[in-house]
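Note that chain A is present in both complexes that follow, paired respectively with chain B and with chain C.
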Partner chain A sequence: MARAAKPHLPPKTALWQLIAAPIIWSVHFVVTYGGTAIFCAKVDLGPDALALRGYIGIVTLVALLAIAAMGWLAWRKWDLTDDWDYIHEEPTDEERTEFLGHAGVLLSVVSAIGVIFVGLPGLVITGCT
Partner chain B sequence: MTTTDFTPDPARISAVPDQDRWPEGIYPPTEEMLAEPVDPELCKAQEARLREVWADPKGWRYWSAVNNSEVGKWYCLMAFGYMLAAGVLALLMRVQLAVPDNDFLSADRFNQFFTMHGSAMMFLFAVPMFEAISILILPAFLGARDMPFPRLSAYGFWCFVIGGVFVFGSIFFDSAPKSGWFMYPPLSMLDGGIGADIWLLGLSFIEVASIAAAVELIVGVIKCRPPGMRINLMPLYAWYVLVVGGMILFAFPPLIAGDLLFEMQRSFDWPFFDPARGGDPMLWQHLFWIFGHPEVYIIFLPSIAIAAMVVPTAAQIPIWGYSWIVLSAVGTGFLSFGLWAHHMFATGLPAMSLGFFSAASEAVVIPTGVQLFAFMATLMVGRVTMLLPMLWIAGGVAIFTAGGLTGVMVALAPFDWQVHDSYFIVAHLHYTIFGGMIFPVVAGIYYFYPFFTKKKMSEKLGRISFWLTFTGFNICFFPMHLTGLKGMPRRVFTYPGDIGWDWLNAISTFGAFVTAAGILVFAWDLLRPKGKQPLTERNPWNAGTLEWSHDVPEEFWGVRSVPHITSRYPLWQQPKLLERMDAGRYYLADAEFGHRETLITTAIDARPQHIARVTGPAWCTIWAAIFTGGAFIFPTFHLYAPALISGALALACIIWWLWTSTAQHPEVVKKDVGLGLKLPIYVSGSAAPGWWGMFITMLGDMTAFASLVFGVFFYWTARPDFPPAAAAHATLPWVYAAVICYTLAWAATWAARNVNCAGNAARAFQGLVAAVVLTIAGAGSLFWALWGAGMDPTEHVYPAIMWVLVVWVLAHSLAGLVMLGFCIAGSIFGRLTPRYDADLWNVTLFWHFLALTAFVTCTMVGAVPRLM
Partner chain C sequence: MIARRAFGVIGLGALTLSLAACDGPQSALSPGGRDADVLASLFWIMLIGAVAIWLLINGLFFFLTRIRPRAMPRRAAEALIIGGGIVFPTIVVAGLLTYGLSIMPDQRAVGKGTRIEVVGEQWWWRVHYWPEGADEPIVAANEIRLPAGTRSEITLKAARVIHSFWIPGLGGKTDMIPGRVNRMSLEPTETGTYRGQCAEFCGDSHALMALNAVVLRPESFDAWLGRIARPAGPPETELARKGAAVFLSEGCGACHAIRGTAAAGRLGPDLTHLASRTSLAAGILDMTPEALAAWITDPDAIKPGARMPGYDHLAQAEMTALVAYLEGLE
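Moving on, here comes the complex of A and B:
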């Protein structure tokens, strides 16, 4: 499994990249929830609350794009297609990087599902009350 | 042969030759080096020195021990004791509910019992038990000698003992809290006794201890791994500890902030939850559940972490899907913070908001489920022996899954409205917590018992206990789903006999006693004297992880030598490891200077960085805990002067402890740790565990502060009259003055650190003194900005919340002043020099956070209300 080092991959890798996608999920959650609280308390929304739902939609799209970007970075680190390695138990720089990439990809997927779930009420619920 | 390639941090300007701070020599070790035999005479001499350094104190001094093995055991037993006590309350409540119209307990006593049952199980058992077990076993998983801050663990433990006795003891004086474990206002505000104060202050005190343990555990996982244990090789338990430690940092502070608001209202009539003066009880519910829901996962994840250790051993193969379990732990850790309002579906939140929380509650099932599938996959691939711990894990997973399924149901708001506050919820939460926490923890105790005590528990009693507990649990709690669907509300002390609840309740009570019998069998097996029993073999389950390299009979040094790790299951995958560890072939095999030492390695790749000297037995931790207890307990009785004195004494103890035993100047710059590697003993900045401890503590601190800021915006959205049109605002010129003073104080501290690094100690001293003066000026300006404007915190919630922010900054300024004073004294008495500057690095780090806090506060009191 362990092979020659790959010069095109970053030699160092930071823990924060692992949790970048779930952090985006958290920010998305806070922004949608906080925004909704403010819209519902301070803005006259009209019958279908389109302003609020548009806001949720846009925030959700932005979050999904950001997670996709993080997922892509993680996917590059994982570099699955070069050796189809998904176990990463060797004590090498390569395996460590691939592991962080692998976990990062999985977390991006879960975060994306979380963002979609949290955005869904904006599609189906038509007002604050 | 590779030499180390540690590159100095270019950001650090230093007059000290960098070589002094960096490792030198060979790393990683080669096979030939490891194969070299150790001289048996030398080995013996090393063993004798290590044994002496790590020995527990004898006689009554035993209680001053701070070893993770001792503190961990006390902690576990104490938490278990509280669990039994809280369980007795549950049984008494079940007796009361066994038959309709019963008068075994009065309504008032029943209220005290259910409040104490929930509070004790959560705050005195579940969370402390996680900390206790982790303190006990984490160093062994990591091949470390001890946790990075042993005295902090001991301090946390003694705080827990004192706080727990205080809170639980109130039940014997008929003055226990009785408003439910979530203490909702306005009910808890109207409660005239001191019960609510006991709950608030006593549990805040214990929460502080929990945060201390979280800091310790996070730093332990990040910095105390053995050389070579890269992040992709870490035992899964360590991953879970890391995640849960992080969760504690973000979950507990909102509750501490809520407690602060709550106690300010109860003691000083600041109207945070009083609608007549602009307050809102809903803020408490938010802050409580921002803590309360992650809390469920805080107790679930470390327990399932035990399963992640037991399952591979039972299957005798490495875990299947390591990355997936990491995903699961981290993902659950995050998503669990988006669920809090599902406890508040019935409070009239906007429908849209209900949708978010409902959706997030469904989403969290995904990562939670993934780890269970990974366990099942491991069991399917391996050749499973039904070890006793595995039996408990299996039972736990079955029960937890049932609780998870009802969780998916109640996560849907319309269904929740039907069963809200009914026994259906009681059944759901006990299924998740019993299955997700109690069963795995018992499994863990059976599994790790030979490691803790070098003896074994009885296989036969264990199986009897399991089947009693498992069947008893289901007999007790399954009928509660039905009682709930038939409409029985929670927390009623009795009920009439003609509405079909009686026989279900009778069955539940019977089941409760069967469960209790099971737990008693376990308790007996755990505590019965085992003096005549032979010692266990070293690795009784044939497990693969490092804790089973322990010494039988017991040695207190943790590991004989700190191994070089190259695999996930070293005992399975590194055949000569154990023999070489025992021979002292690996790192740090000696204690030639007579200090307790452990290795510090880098966060990701665990390359050796330095040697940390950890603290030894001490009484100051116990005194610090006693006085800290006084500072929290006296205010319960409105005795503020003794509380202040007590707080000052606690501070004095802590300063003495820091001054006399942390970051001491070493005899030599570097020590040979073996295998051709020399490591520095004194480091500062982000290489030092103390810096990480400060950083992590301050993250938690910022969360509490953010919760107060959240409060301001909450009132703004929840109340049309916030801030009131005619309200007095903070005086702007004084707010500006505060901003300027705090910014300059921060800059002076930061500059002092830099010029000190560059070798100019005299200039650094001036910077520190300037920072003190500027802090006092800044604090005074901020105080006067509100006081001078005549803002009265008892009049309306607007001035009250502004004052709380200011009080928060003032209290932190006081801490900042003490720290600056510590550095000034250090520089006078030669403790702080350009070479030995760890204190100043940590204080500067604190100041980064303090400056941010002060700046945000000035914005919140000066600008934001004027814009609202």
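Moving on, here comes the complex of A and C:
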């Protein structure tokens, strides 16, 4: 009986790239809310809380750029425009890689939307109360 | 057929009943202030939006399963899934979120004029009015009065457990937390009496912890505030004088204050102008002699867990005199 060929797994980096965008989203959440709490406890915000809003804006921008980078990596892995393939059912290396890329793109989109929603209050808040 | 008609009648009846409940002194849907107005609009926008989306989704479902149950071209199906499942909800939620966030700062705008401090007690409200520049507050209880057309600052505290201060006809609710000072502001626009209710479970008589909020024209508010700032006048009738003696000899003054007398207790509500309030026992009884007598005789029967002891040992004549005295505290 021949031994089954060991499947050729994608490199380990592929897995963390898959979840990188949601992790950035969650870190952005903690940094935004935690930072706001620290601002409110320690800093005199002055009128319109511009410093706090600037902080939220910058943190949000950085998170969006990082997610965009992750999305771009995933998009390249998916390589959609190559063959317009978005069903990954075959047990081949190419299909596995494209699946991870496809899922990574979708997770990046969800994470970007999440980050924007978390950062939105920065547009309207005028103080800590 | 008959069953369907019966359902129709019941449904119509239920609708009428539920709409009738939208009116009245404790409804967020009949707003009497700017904040409540904004919240009512928010509710209607959300409701209309939800109904529209419900009809759209179910209409689409009906159309695709009953009217045209055929396979869709792949392109159209994908457009429907991505457009209807991702793009559309994202845009709708983003729009609602932005709108919801945009109304928040106004709800928290700083008030001016007399500041009102309300402390949640079990199960009543301690109320302090702080006119601008005042060194000490004007003490009242179980009712707040506000000037119409002005945004008033309200400071919220709690004595032992969490409460929540909510007058639906005037604005949103804010928690009262022991050891914390919360704030809110209200801008009533219409004069009238609105009912408030503790909105955070706080023990036995949580449901019986209410208060009336009376909105007055600014000049009436100032006149009223001037009146309650004064100490209580001396009892005017012989009966009331007897009642005042009962009040002091029974030790009521250990917990209750009546400014201008020896009674200076701070444990219970200030009674200096008790009879001028629109309700008794924190919004649950009318201010009548009968209700006063019933309350004094057995507070626990009216408000389970109330810390005031019952005075059921008082002779009828003593009770009558005491009630007459309290009725005179205007």
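Some observations on this one:
Rule of thumb we're sticking to: the second predicted complex is superposed on the first by the 116 of 129 C-alpha atoms of A that agree within 3 Å, B and C clash if a C-alpha of one lies under 4 Å from a C-alpha of the other, contacts with A are read in each partner's own complex, and residues count from 1 in each chain.
Criterion: a contact is a pair of C-beta atoms (placed from the backbone, for glycine too) under 8 Å apart; a residue touches a chain by one contact, two chains touch by 3 or more.
Computed from a prediction, not measured in an experiment: that's the story for all the values here.
When both complexes are superposed on chain A, chain B and chain C end up sitting side by side without clashing.
Applying the stated contact rule after C-alpha superposition, one finds that A:121 touches each of chain B and chain C.
Of the two partners chain B and chain C, it is B that touches the larger number of chain A residues.
Contacts of A:113 after superposition: both chain B and chain C are touched. Look at A:41: by the touch rule set out above, it reaches chain B but stays clear of chain C. Contacts of A:22 after superposition: chain B is touched, whereas chain C is not reached.
For the pair chain B and chain C, the least inter-chain C-alpha distance in the overlaid model is 5 Å. Common to the chain B and chain C interfaces on chain A are residues 113, 117, 120-121, 124-125, 127, 129.
Interface residues of chain B, counted against chain A in their complex, comprise 228, 230-233, 318, 322-324, 326-327, 330-331, 333-335, 337-338, 350-356, 358-360, 362-363, 366-367, 565-568, 603-605, 713, 717-718. Every residue of chain A that touches chain B in the complex is listed here, in rising order: 12-15, 18-19, 22-23, 25-26, 29, 32-34, 36-38, 40-42, 49, 52, 56, 86-89, 91, 93, 95-96, 99-100, 102-103, 106-107, 110-111, 113-114, 117-118, 120-122, 124-125, 127-129. Taken in their complex, chain C has these residues touching chain A: 86, 90, 93-94, 97-98, 101-102, 104-105, 108, 183. Interface residues of chain A facing chain C in the complex, by the touch rule stated above, are 109, 113, 116-117, 120-121, 123-127, 129.
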